[in-house]
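Below, each structure is written out as structure tokens.
In the two complexes that follow, chain A is the common piece, with chain B as its partner first and chain C second.
Up next, the complex of A and B:
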């Protein structure tokens, strides 16, 4: 079942939701886009084929987040209120929504639940916007996703003419859209064609079959030195990555807070031990960790690649390192090792 | 293990009940901590298994992981031996009885004691890494636990006699008839009537039998590196050799990503691994 959301009514609809929810939408900020709370003055950005530069993982896993406060009189840590106001995240790209589902396997794992992620995640309704024209840097179809993938979403919009066509995927999603008019069967078929066309347009960026095994084999190869040569170790690929979840925990003494910050395996100090030993002393080991984690270790852990093909690391690397090229070279590497 | 709905990042309120130097050079200090709330104590000891560790937590200094050096039956306290190294441990060395401190744990898997029932335990330690092996030995010493295992053979080496931990207790082990204890120091000293030499060589000399036995090795990386092949040579299969890994950690519960090696997180899948498991992991330690 598909509903029709008229584009010219979109601001009215968002404003109506904003009475009961905090509505978060992609918006233009200076020269980039970011998910921000919607109000009358917001500049919506639903036409840019790119996803936002700033990854929406920050909505559930902020770049900086207070975990505990410290009561210095008692010498004890105290819990802080985690925000649980209902939210609608509107217009998220399927790659970023499927990243939520991957992150759930970390933060909502059976043994330990991360209360900060859980509370915000559970109180959110996630409405996606599919990609009619995936940009050149996108490779979601290569890693098992697609420009109209449903993973992690409560509803999915397809942009067509005067309307957003709304596919309702969960009960949470239905509650938002069930009062809208229904699309005709003819329109539904047309939308399916648009979706298929978008997906078909995306050529495979690299071969994933056997890639994990290849990476495992070349763990000690000089390949890693070569690909790490031009890496500055700035970490932007991991900070902007929608599936990178590493964090650091630090105490802010003057504010009496224990906070967590996004961290990156691309930094030397990330794995530096008090003894002076560092298991990943150079960009060689650190680049290897980044790629192996996404394309080997995630597969061992949950059977899925830990990358959604959003293309941010490709677009924003200051020296133009392209993960797709790195993986293509890795694939070729294996034959050398075998024939050597 | 499950967090029972608690915030797993919130430290359990503890305070120091005893603090004493463990080594002559004051580089090692033992803190014994007790619980502010009885309910926390009950929950801790329901979960605790020797070989596990805790994150000790001091506001402003952060958190750092330490192996538990006591057995549950020893009393209502948790013991840690801390080597003075960085800013956290320097501060920890200044703590006095009565001072508050936070603790998160027990964390990690601990030693697979259920798999070891009915077997001989060969416990091999070096330096301050002996702490969790001390917890293991103390656990086995309890009459109710002792009957669960065959022989108990402990090999413990330190650079000097002054650096040997838990001296008085270990001294008394030489009089016990339910265990063997082989102590070693690296260089000869007057009045030292035990082994002199490096741990791998002492293991070769003692030559424990691999029959129905498991070996547990904890020590500095260099000691572990040279001890494992000695055990393999003695006939211990890789699945019967265990060690405990260390890595920089923050969360301790498999979220922050820091201690990832291959498909494992040292904090929650370890820190105890068999040599067989280690051989399957990438060389990223």
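Up next, the complex of A and C:
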């Protein structure tokens, strides 16, 4: 079943939701886009061919988050009240929504549940917007996703003409859209064609079959030195990545707060040990870690690739490094290099 | 431009063939025509990939500090890069004898963010001449004047010509107009104190602490940056105002008399933070007070690194 959401009524709809929910939508900031709370003054950005530059993982896993506050008057630590007001995240791309599902395996695992992630995640309704024209920098289909993938979503919109066509995927999603008119069978077929066309347009960026084994074998290869040679060692690829989840806990003593901040394996201090030793002393080891984590270690841990092909690391790398090219070259490494 | 690349290739080939260098640092073609990458050539064979055009966004001087002094490095340098190399030589980051610099007078770096803003990302072809940029989008050619797409730092570039090239390819260009820099600094200074602070806040507080500005900057080569110290900690590592303000102010101050206005910091920033309004002001001050411009030669110490018994201010003695 598919519902029809008229584009010209979108602001009315979002404003109506905003009475009961905090509504979060992609919006323009300077020359980029980011998910921000919607109000009447907001400028929606739903026509960008790809996802927002700033990753929506920040909605559940903010870059800086207070974990505890020290109450010096009472001499005790106080837990932070994690926000649990209901939220609607509207217009998220399928790659980013499926990243939520991957992040769940980290933050909602059987061994350890992260209350900060869990509370925000569970109180959110996630409405996706499929990608009619995926740009060259995207590669979701290569890593098992797709421009109209359902993973992590409560409803999925397809942009067509005057309407967004809404597929409801969960009960939470249904509750939002069930009052809207239904699409005709003809329209539904047309939407399916649009979806298929978008997906067919995306040629595989690299071969994933056997890639993990290949990466494991070339761990000591000089290949890593070569690909890391131009890497600046900044945090763009990992901070903008929708599946990178590392954080660093610090005590801001003056502010009496224990805070966690995003951290990244691309930084020297990430792996710097108290002794002075650093097991990942150069960009070679750090770049290797980033690729191996996504394309080998995630597979060891949960049997899935830890990358959704969102393309951010490709689009925003200041030296033009492209993870797809890196992986292609990795899989072409000859065994002579491996044993070198 | 094709001629330039071919002459560059010939020169690099020669340097590699007669073994007068160990590595040549330049740019190479990548999958996307918009994103040539820094490249490290050690043999002539790889030079088929050599690229040089106005999309080469990075300041290659950045890579100089990665090599020991013994490494004989060849490098292609534009105006700002050549002054960067000088500034690094002044700070003893390499030995001039072990550098071979191929200079190219620079028509300015085209900001890919501006191209994408105009045309999106699906660009399949790119070409340029001295005045225009042509891109191919869905099989169609689009031409725009170069000036509209140049990076902001390049629009007010003072010294487009390399100052220390061993080999120069192309004809020297006229020097830039200092009033353009002054105009920008003046317009910021004309704001009220509150407005200046609000501007600074608005820029700095978008920061995501990825340190791409630091890593893209050739002059930020400290093994341990002040933000990475934790015993003692100098500043918060979070994205709080306290943390982001401290980072942006101190980063800029560490550049006083050292910044060559290449703009690599702004081009690298993933959240479009403007930073050169701070360093341009510092450069103006350094010029006015100390009559010093960064990197014009490879001997003169920047004012804040120099020690002089005749110093006008007697704070030393």
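One rule holds for everything that comes next: the second predicted complex is superposed on the first by the 329 of 340 C-alpha atoms of A that agree within 3 Å, B and C clash if a C-alpha of one lies under 4 Å from a C-alpha of the other, contacts with A are read in each partner's own complex, and residues count from 1 in each chain.
The criterion applied here is as follows: a residue touches a chain if its C-beta (ideal position, glycine included) is under 8 Å from a C-beta of that chain, and two chains touch if they have at least 3 such contacts.
Since we're looking at a predicted model, the values are computed, not measured.
Trainee: Kindly say whether there is room for both chain B and chain C on chain A in the superposition, answering fit or clash.
Mentor: Superposition check on chain A shows chain B and chain C fit without a clash.
Trainee: Is A:268 touching the first partner chain B, the second partner chain C, both, or neither of them?
Mentor: A:268 contacts chain C only, not chain B.
Trainee: Can you pull out the angle centred on chain A between the C-alpha centres of chain B and chain C, to the nearest 10°?
Mentor: 90
Trainee: Taking the superposition on A as described, I'd like to know which of chain B and chain C A:229 touches: first, second, both or neither.
Mentor: second
Trainee: Figure out whether A:248 sits in contact with chain B (first) or chain C (second), or with both, or with neither.
Mentor: both
Trainee: For A:81, using the defined touch cut-off, is the partner it touches chain B, chain C, both, or neither? Pick first, second, both or neither.
Mentor: In the superposition, A:81 touches no partner, neither chain B nor chain C.
Trainee: Mind working out whether A:70 is in touch with chain B, chain C, both or neither, as first, second, both or neither?
Mentor: first
Trainee: Touching A:109 in the superposition: chain B (first), chain C (second), both, neither?
Mentor: Once the two structures are laid over each other on A, A:109 reaches chain B alone.
Trainee: Classify the contacts of A:289 with the two partner chains as first (chain B alone), second (chain C alone), both, or neither.
Mentor: Touch status of A:289: first partner only.
Trainee: Between chain B and chain C, what is the shortest CA distance in the superposition, whole Å?
Mentor: Comparing every C-alpha of chain B with every C-alpha of chain C, the smallest gap is 6 Å.
Trainee: Could you pull out which residues of chain A sit against chain B in one structure and against chain C in the other?
Mentor: Shared contact residues on chain A: 248, 250.
Trainee: Quick one: in the complex, what on chain C touches chain A?
Mentor: So the residues of chain C in touch with chain A come to 30-32, 35-40, 57-58, 62-63, 113, 117, 120-122, 206, 208-212, 214-216, 228, 230, 236-240, 267-268, 270-272.
Trainee: Per the contact definition, I'd like the list of chain A residues that touch chain B in the complex.
Mentor: Residues in contact with chain B: 67-68, 70, 72, 74-77, 79, 106-107, 109-115, 216, 219-220, 245-251, 253, 256, 258, 260, 263, 265, 270-275, 277, 279-280, 285, 289, 292-293, 296-297, 300-301.
Trainee: What residues of chain A sit close enough to touch chain C in their complex?
Mentor: Contact set of chain A toward chain C: 29-32, 49-50, 53-54, 63-64, 135-137, 229-230, 232-236, 239-240, 248, 250, 252, 259, 261-262, 264, 267-269, 315-322, 324-325.
Trainee: Quick check: in the complex, which residue numbers of chain B touch chain A?
Mentor: 1-3, 5, 7-11, 13, 57, 59-64, 85-86, 89, 100, 102, 221, 246-248, 250-251, 253-258, 260, 262-263, 268, 282-285
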